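Worksheet: the structure to be examined is printed underneath.
In this document, chain identifiers A, B, C, D and E correspond to the written order of the chains, with residue numbering beginning at 1 in each.
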């Protein structure tokens, strides 16, 4: 569980509810038809914008934002350097048992290919195709949330226009104008909330998660290439450490 | 038929009509001159923005959004691996009969060239030109819908300004101000609807469809290059599978 | 004459005039000082934004949008394939008379260089420099229209603010408020019209025209390279046809 | 002096002053505190956004927009072709005296390196570093004006909000509401004027000036490479002419 | 301490406070719940948008904007040229003592690798990975401030909508409408202030700082490659000076 995302969402919710309660109470801010037109309408527009297969993984994608499958990069470097040390001493075939127990599917696939004696160029090509395709798919999924942001805002505006027209057509009772306009504004408010609390921020964190994952895959490709060409483990570690922030770098050789 | 797009459009329509009906009824929201200025005006502006040939295929492009010519990627991989197996055993000339029955024009063209003994580099160059040109044309067509989104919004605003000026010039009867302003707002509402229900979402799904098609073509080029150079069918399958999402990958060799 | 652009402009004009006439008539929508501030002001801002040489060709650029110098691509392919056939049979020097009568300056220049015996690499380099520089100049010119779009909108807003301030300063006579505000809104309306009927759409079609021209030049470069290296006319035609849409392709060898 | 920019600024100024004078006169549009908050506030925000060294050259950068240091391209081509002719006849060392009198620092530096016998690759690398770094610095400077555009608009909005709040807090005297609101709107008007008359257009012309300068440098690099490798002057001229627009090209060999 | 940033912030603060004080005084512009919803809400949305590790360095990143760790580029060039001179005379191993006292970690790392006899290609690769990764991390951090700009504006709008709805629901007392609306507008004002005084400008200066740092690293890589390949110190200086603006260049050889 990534606490930042959850704490952020709770913080906004508390502030919004408190500021509503301090005025006229929560009641006037809740209007089911307005919720339906903004949420339902924007999800309808998302269904037009994306493939059904992408929409089906909507919740799964949201969960990645709040509970990412993180890879400990220092652990990964240690593991790759360990593999390099073993391969240098006993040959690359000695890694067969480690590969079978490897949980990271990407590393497992690459190492298996290296052990099977594939050419370095074809291993790199295959792994890079996989890395790029995965990243493209993830970006396409994150785009659902950034599109949601814009579409919710637009449905909010459409809802407010529908409400305003109804109000203007019906101005016989002046005392009803204020509340009618208040209700008309609710859809704009809902749209802005969905867009700026869910849509935009979730799309942003999904982009960061995807970059993190791509970086780990790049480190794995670098590692496998080094192991196969029999580089010194110390040199491999130095190269992998330069992917990290300076304060994260801990060498196991010192 | 791609259900997502259709269900999405129906869902939005139902929600909008229901929210109008709950207020003052559908009637006040329909104003033919306003529809004409927004729809006609934005299509006029599209005719200035694009070539007649592009505008003519407006409906055809829209149909691609809701009914895409999809290629089953697993079937394609199976077929390419089958071709590779046969070409390896009996030589590439043995593929002649398969090529003649091949429905995919892009694959057919590439394979014919390989059988005719063209150089791999010139086959790749020709197929890549075709892939890029097709993709450029498709993006140009999808741009009609994204431009429509902006132009409909602008024509809606212009319509509202025309209505507001008429209303402000004629404020003798205070009871007419409300309804006049309501009518003036209708063009903005129509513009927002066209832009955010048709324009934007359709442009987005067309972009996704185009990326899908380009990916299939990339897989075909990879496949033909492998078949011509006599790669092992197993290696070709591994490479092609890395274009798919992990949960879609099914090897025919296991 | 490209009918699409002209029909589009006429259609919008008719719709706008009709919608004005149906309300308070055309008269109230015409205000010469407002026209001056939006048109004059935005052209002034364009003169700050671009070089005098670019502004001078303003009308010439506009004419390209409505009356483009189109090259028939099938004719071009036939001509290039004809050249390739002749060059293969009688040597490249045999093309001298064709070159002298060639109307397309770009093709003429490239072929002359080939006949004069220049290196393929230096011909390609020179033609590509010319192609890129032309495209860059054209994009710079098209940018005048997209900038106009934004600047006209801004001058419209400035004009409305000037009018609003005058109105607010002078609210003694309530019956004058409506008409004053109407006049103030006119500049915003003019700005939106210029931006969304002329500015944006013209910039868009100019971009498409430029891409079309660049594509033709790319085909010519491909053709000249093939003629010089003595490729088979059939292979050259296949390569050139892949630049076209599938339904446009007609081979002269079948 | 580049007349376009100056004429443009004068034209806008005249139109704005005239349109103000025709209404309530110039007086009501001038409010020193509003000018201070928009101009001072946006320059303050620019000081946060850029380095002091960049802000110091604010006026110098503005002068480049209205009085650019232009290089006559035809003269440059003649000069480079002249150098090539001389170098071919008498050897590259014969250019020493020309180099000493060369006013263009970039050309002087490159030619000196060529005469000193540096490797073509290292001359090209050094000149390209200088060209790119200069262009990056210029773009960073032009960004001051495009940022100013946005920040002036934002400070205008903040000023209007400050004024509106003051007005709304103090609605006892209805006759004061109009003028108070007029004053509140002035900051938005100033912001829009700065952004769309100075900020945006100046940033645009600076970008064009920078592209022009980079193009001249590219021509110089091409020229020096040709002179050093002893290309025929005629071939060099043909290559350099393809950087110009067709109607600007005048060969000295015809 | 970079004075520009601090002076800019103080200047804006003084102008804003003065313009408030001149109207209704500072008091009415301060509303704690409004501050909470804009500042708290936007920081909550930032916590959803970024990883906790990035948010933790929020203050540290802000300090880089106002107090950057600047490298004197002329000093760096002198140092690198000095190293090159020594390495050319006494061999690269003679630089060992200088390296140990080198404060710049990036230069130290690269030189150590060169002294240890690593291949130039692998030194360059490792240093470029580190340079790119650092730059990517910095851009990700600067993005916090540009996102803050948008999210603060959005939370301001949401706050104003909440206030407007409360006001419209409760219009019994007409004299309260003005002040209620004034309070509702405060959140929009706070949002615009945060976005355009902190968010945007800080993000901009962080981008400039990052480009400066990357440029210094590029110069260091160029220097180390030259030292290792034994280039002439004069040639190295000429290359490094071309990274600077012409008026900054001072050669130590003249």
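Basically, a residue touches a chain if its C-beta (ideal position, glycine included) is under 8 Å from a C-beta of that chain, and two chains touch if they have at least 3 such contacts.
Just so you know, these numbers come straight off a predicted model, no measurement behind them.
Chemist: Tell me, which chains sit next to both chain A and chain D?
Modeler: Neighbours common to chain A and chain D are E.
Chemist: Using the touch definition from the top, what's the fewest steps needed to get from chain B to chain E?
Modeler: The fewest steps needed to get from chain B to chain E is 2.
Chemist: Just send me the rotation angle from a CA overlay of chain C on chain D, rounded to the nearest 5 degrees.
Modeler: Fitting chain C to chain D on C-alpha positions yields an angle of 70 degrees.
Chemist: If you average the CA atoms of chain A and of chain E, how many Å lie between those two points?
Modeler: 25
Chemist: How far is the middle of chain A from the middle of chain C, if each middle is the mean of its Cα atoms, in Å?
Modeler: The separation of the two C-alpha centroids amounts to 40 Å.
Chemist: Residues of chain D touching 2+ other chains?
Modeler: As it turns out, chain D has no residue touching two or more other chains.
Chemist: So that we know how the chains sit together, what is the shape of their touch graph: line, ring, star, complete or other?
Modeler: Shape of the chain contacts: a ring, since each chain touches exactly two and the loop closes.
Chemist: Please output the residues of chain B touching chain A within their complex, sorted ascending.
Modeler: 2-5, 7-12, 15-16, 18-20, 22-24, 28-29, 65, 175, 178-179, 181-182, 185-186, 188-189, 192-193, 195-197, 200-202, 204-205, 208, 211, 215, 235, 238-239, 242-246
Chemist: Provide the residue numbers of chain E that touch chain A in the complex, in ascending order.
Modeler: 33, 36-37, 40-41, 43-52, 54-55, 105, 113, 118, 122, 125-127, 129-130, 133-134, 136-137, 140, 143, 147, 150-151, 154-155, 157-159, 161-171
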